[in-house]
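Take a look at the structure below.
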Amino acid sequence: MVELNLSRRQFLKLSGATAATLAIVELGFDDKRAYAKTKEFKIAKTTVTPTICCYCGVGCGILVHTKKNEVVYTEGDPDNPINEGKLCSKGTTLRQLYTSEKRLTKPLYRAPGSSKWEEKDWGWMLDTIAKRTKDTRDASFVEVENGITVNKTEKIASLGGAALDNEETYLLAKLMRGLGITYLEHQARI
Amino acid sequence: MAEFVKYIDVTKCDGCRACMVACKNWNDLPAEHTDFLGSVQSHTKTTADTWNVLQYIEHENSKGGLEYLFRHSSCFHCTDAACQKVCPESAISYTDFGSVVIDQDKCVGCGYCVQNCPFEVISLKEYKDKNGETYRKSHKCTMCTDRLEEGLQPACVTTCHTGAMEFGKKDEMIRKAEKRVSEIRGRFPNTMVYNPPGVGGTHTVYVLAERPSVYGLPENPKVPTSAVVWKDYAQPIGKMMLGATTMAVVAGFVSNKLFNKGGHGHGEEGGEDYE
Amino acid sequence: MEKREEKIMSRKKPTKYVKRFSTAFVIAHAVNAFSFFALYVTALPMYTEFFDWLYPVLGGPANARFLHRIFAVTFVTPTIIYLLFDRKGFFFWMKQLITWKKRDMDFFTEFVKEFFGAKAKPPKQGFFNAGEKINSMIQIVTAVLIIGSGVTMWFPEYFPRELVQFGYLLHNIGFGLAIAVVVGHIYLSILHPGSSPAFRGVIKGDVDVEFVKAHYRDWYDELVQQGVIVPDDKKKPKGA
Amino acid sequence: MTNHWNDLQHTDCALIIGANPAENHPISFRWLTKAKENGGKIVSVDPRFTRTSAQADVYAALRSGTDIPFIGGMINYAIQNNLIHKEYVVKYTNASFIVKEGYDFKDGLFSGYDQTKRAYDKTKWVIETTEDGKPVKDETLENPRSVFQLMKKHYSRYDVDTVTAVTGTPKDDYLKVCETFCSTGKVGKSGTIMYAMGTTQHTVGSQNVRIYAILQLLLGNIGLPGGGINAMRGESNVQGSTDFGLLFDNLTGYLAAPKATLPEHVTLKGYLEKETPKTGYWSNKPKFVVSLLKSWYGNNATADNEFGYQFLPKGNKNYSHINLFNAMYKGELEGAFMFGTNPVVGGPNAGKEKEALGNLKWMVAIDLWETETSAFWQTGAGSDPSKINTEVFLLPASASFEKEGSISNSSRWMQYRWKAIDSKGEARPDLDIIHELALKLKKLYANSPKSADKPFLFLDWNYGTGEVPDIDLVAKEINGYDLKTGKLLKTFGDLKDDGSTSSGNWIYSGFYPEEGKNLSKRRDNVDTGNANYLNWSFAWPANRRILYNRASADPSGQPWSKEKAVIWWDAAQKKWIGNDVPDFKAVTAPTEPGGTGAFMMNKDGVALLFAPTLNDGPFPEHYEPFESPVPNVFSSQQLNPATVIIEGDFNKKGGKAKYPIVGTTYRVSEHWQSGSMTRNQEWLSELAGHMFVEMSEEFAKERGIKNKDKIVVSSARGEIKAYAMVTKRFKPYNVNGKKVHQIGMPWHFGFKGFATGDTANRLTPHIGDANTMIPEFKAFLCDVRRAD
């Protein structure tokens, strides 16, 4: 884990800030559970991890507050000089990337002609994908064309991804060119 | 403890709405359905689940030029808060920071505050409790009092990137506002500091680019006189009168017992005279 | 023919009770009293935190509000009941309220003395004595205030905001006046020594003749003159 | 970007054209607001009055697709009013070079145009050189064949009246922009141009950027703090993904991908000779290529097998996005991988691209959500599942903070991300997916005798023995090793072309100089001077924060002005010093040969006003978009003569009679790209929940459309429904006396997620820029009618 230098956190130097108990607090909640006056301060005992926003190209730093395998809050990283703790509306929503119920959590497979997904396990999915890749490559691989060594297949395309990490884009380019794929493109082109 | 103010210079705001999402993120407020309003504005006003709303206003200024104005509209945290005055359960109170907060345990959801807020900010929401009974609570921006108590700035101010929003000591922020107004009067002739005296000044102080009415704000908002008369005169007098009449009735009863031993009261004498 | 004779026959015996209020009025008054009292109880925890313990009793604030609205509706019905079922009585009542004679004026000074049990010589009074007229008028005014502002408080979205805000004030003033008057009204009708026969009037509709003679002399004379009452000279008049 | 986000605060004037940073790169306004506080001006040039315009000091409207006239006019204005930074232009650009007679320009066409091939013979555009290959120069810039005079003549046709008649910009607004921005030519001032897709997504996209470069060079703004040309990239790592060669035409580090159509590319030696210029830093290209091959093929890359060069695929076509989908549409493609991409919403002519997907035998989509692309076969997409036989594999991917790794932002800062939480459900990082797929393929191909399988088998793939790849090994491979000592390379300066060094991407080499010192993880945010933050993360190349910063000093090595100094020559220490890593040979004195070569990547160390490498001409020239409501006023060439036009059903063209309205697309702050990453979030869907189209009040009145009405927008390629947003921020243009209406719409919406809506890209054409083939999203013709 990285040590966090939160010195520049924009603290409001308040004299005599009271203890964590909140004298009068106003909360939104959805049932009549009487909230104890001392609702634990939201980010009191969280693990804080810095990341970089996944949206636009500015590259703002974000702190992800996690507690008991749940993302409880995300806010700007005050130590990142680009945004100095500030974020736009999308960066501030980073937390909902984890909490949104729409997240895919299982590999899904759609058979030809079928009108629904089926859940499959990772092993089967990657084996099948590898097989499909090999079959198509083997059937379409051209070693020499007009006397020139070309080692290419023009039957497989690889699209994406501008939101992948550098290490991921490197391995992707290496794998796909290694297979001889020439239709290698991604969002930088559109 | 010094009083604090959320200072908002709308001319530096670029409408990115991080404040709206930061508020929901910090207070765990659920999203609500929004209709298309004919502009990019998402809500007409604050609601029980949306404690600050970014206004987008297309305004043709006096010189015929187009101004695209934005305003972070939220609770003003008035010094003399109408909501605090009219709340029958005294669920609304002033904190040392100057913010106005609602104690959810005390609030009974009567809605008096909703009708009396000069800025129409505070809002009610209906909930269902465990056994399906509905109940209501009123909500509004809390100025992140829970954060203030931990020495942090409100979530919206923390995330505002252009410096359109700042949080600081009251006098400093008001001085800053006045200085800023003088700086931008050339670009915005109608610019003004909006810190309405009618509610004793507020703890959310604006530098506006145009007249308040352009933003749909009251030109000089004040605690409704009816609320003042009601809460500072009528109700106390009413209670006192109730007390007085009860005293009078008791006195009448007691004195009747003392002076009117005969028990028949005046009926008897009156009757004969008439004969 | 026969029915008429029978009527004459009864005249001979001294009448004991005389009809004062129609059943419509009795019902209306009962509904009015009950509603007012229920409204008072369901609003009490809102009115002062001293009574916040009432909320659980009433099933929570939402339920208290719900009840308050039920009784708000019933509180409006008395006028309608009275108007529909005893139109004549209603208009008689209205007329009475606007007829003020010297006798009504003198009534007040005497009433205060009588109220505190001191020797008082009440002037002769008609069907409604001045006190009752004042009580009616205040009750009407406050009812209008309370109902009017009640509607704006219940359906704020249909009314301009200032009117709704003003409504809270009127509701409060209306209630303040009404409760003050009601306290006096209840005291006079129940606790005040000697005025208990009036209570019977508003429950059964008829009143003891002696009481009428003592408190509503002009009305008493009218009834005698109409033959409705056969005076019983021997007996001492009843009640204060 | 040539500069970086924090540097924006130093600008005296930011010309924001073809972009809306207040909405799409909001935090840039943190620094532009600081610039305004220091007296800087912001100029917003946009077809509509955006949130950026609201913050701007000067706003000017222009019809979509007329950036070149707009800036061409400013070039003309700067030259006529002598606002250019003469000495900068003479010394640091090829303004003084003499152009051979072969170059000419008449009626919209440069010399050497072949009508049938729709291409130029670029050998016609050549610089006069002396026997020893040095360019012939006239530093007085008087010679009529000098680049400067040819350019001056070229843009003298872009006078203010002609320009404003084409762009539809009110004249006084236009002059205000010229005056405000061109004032940054003065020494001591610096102006920056900030642009995004509004500039690039045109058939003249590359030339749009080129003309910005010319204006900035004339004003001497490149290499200065608060100067430069700042392309605001849209995705968090689109800079990285481009650096790492996820584009058909270049390998990692912008090395040209070998082509079967170029005879020289048959061998590594031929390839290197063809691709390597004699002078300029690119002359080191062989070191970069060989080191890359060593990283990919390891020990299987030796001197005697051309370091594995033949294993690389050599294509013979333009495999870019539009042609890829055209091939798919014609059934020439069988399989496709979709790594975190959603062309059914983000691709041009998205309706056709969705149909094309139906011709695939199998498709693999890797994403955080069920995207419109992964669900193209569903009825919701308007498809009939029974008729689509594509097998679809949808793999759940991890979010950015559920994995670690580095990404490069728009200003080339390579910042590190740490893992905050385990992936949700069974989601897995893309790195693990690619790695496991590679291992499975290696197993399937293991000891295959076939020569066709050699290239893949020889691919070097060892990233640890663990269940998941060791990302640190990948990072080190990118940085590169000295293969003799096994040590990590300190800088790309140490790369060799004899196979003794390896580097997965030469421009990043040096970011991992020592064991355990991955510079992208640096978090020292002390300002090392002029807000360059040299100790925060790593910036390629070699941690330089402001590119071409040698040009911030005059030929003698002293800063042009104190206020705008970046690096300067310290005679005592005999090296360049300053607040940034010198973008120059560190110890070459200004007086030495090449000492004034501020643009050291280029052959003669100077910036190119005259750039003979572009497919559509050495000088940017205005041509109307593919679909335009008006004829081209500047010449009889209506469309960019060098663009590739696809005929037939795949790219229907709309005429101005049936589709009189100019349409454009853009983004909103609350959504991002195809919307999967934001329309699946409730808080963002709440803020921007509905697909809308913005139109002027005049146009709405003409069509009887009221605000919030449901309307239908149609083009030759499709129809969509949306809400009408009638606004004062769009005004009709007066183009050559003719009233032209324009509308605009966000392109985020699709049928999946919380906030759904019709996809704007069903309207956009399948035609691209002459050089990059980037689609012309930003200007097309359409029509609007009420939906009822």
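Just so it is clear, A, B, C and D label the chains in written order, and each chain counts residues from 1 on its own.
Basically, contacts are C-beta pairs under 8 Å (C-beta built on N, C-alpha and C of every residue); 3 or more make two chains touch, one makes a residue touch a chain.
Only a predicted model underlies this, so the values are computations on that prediction, with no experimental measurement involved.
**Q** Busiest chain-chain interface by contact pairs, anyone?
**A** A-D
**Q** Tell me, please, which chain's centre (mean of its C-alpha atoms) is farthest from the centre of chain D?
**A** C
**Q** Can you name the chain whose C-alpha mean lies closest to the mean of all the C-alpha atoms?
**A** A
**Q** On a C-alpha centroid basis, what's the spacing between chain A and chain C, in Å?
**A** 75
**Q** What's the distance between the Cα centroids of chain B and chain D, rounded to whole Å?
**A** 50
**Q** Would you kindly tell me how far, in whole Å, the mean C-alpha position of chain B lies from that of chain A?
**A** Distance between chain centres, rounded to whole Å: 40 Å.
**Q** Would you mind listing the residues of chain D that make contact with two or more other chains?
**A** 26-27, 30, 669-670, 682-684, 687, 754
**Q** Spell out, as numbers or ranges, the residues of chain B touching 2 or more other chains.
**A** Residues 16-18, 20-21, 25, 30, 135, 161 of chain B each touch two or more of the other chains.
**Q** Two or more other chains in contact with one residue: find those residues in chain C.
**A** Within chain C, no residue touches at least two other chains.
**Q** Please give all chain pairs that are in touch with each other.
**A** A-B, A-D, B-C, B-D
**Q** Spell out the part of chain C that touches chain B in their complex, as residue ranges.
**A** 46-49, 52, 55, 60-63, 65, 114-122, 124, 153, 156, 161-162, 164-166, 168-169, 172-173, 175-177, 179-180, 183-184, 187, 191-195, 210-211, 213-215, 217, 236-240
**Q** Could you please specify the touching residues of chain B with respect to chain D in the complex?
**A** Residues of chain B touching chain D: 12, 14-18, 20-21, 24-25, 30-40, 42, 50, 58, 60, 66-70, 161-163.
**Q** Enumerate the contact residues on chain B facing chain C in the complex.
**A** Against chain C, chain B makes touches at 86, 88-90, 108-112, 114-116, 120, 133-136, 224, 226-227, 229-230, 234-235, 237-239, 241-242, 244-246, 248-249, 251-253, 255-260, 263-271, 273-274.
**Q** Spell out the residues on chain A that touch chain B in their complex, using ranges where they run on.
**A** 9-18, 20, 22-32, 34-35, 39, 41-42, 73-76, 83, 85-89, 91-93, 95
**Q** Along chain D, where are the residues that touch chain B in the complex?
**A** Listed in rising order, the residues are 22-23, 26-27, 29-30, 33, 49-55, 668-670, 682-690, 692, 707-708, 723, 725-729, 754.
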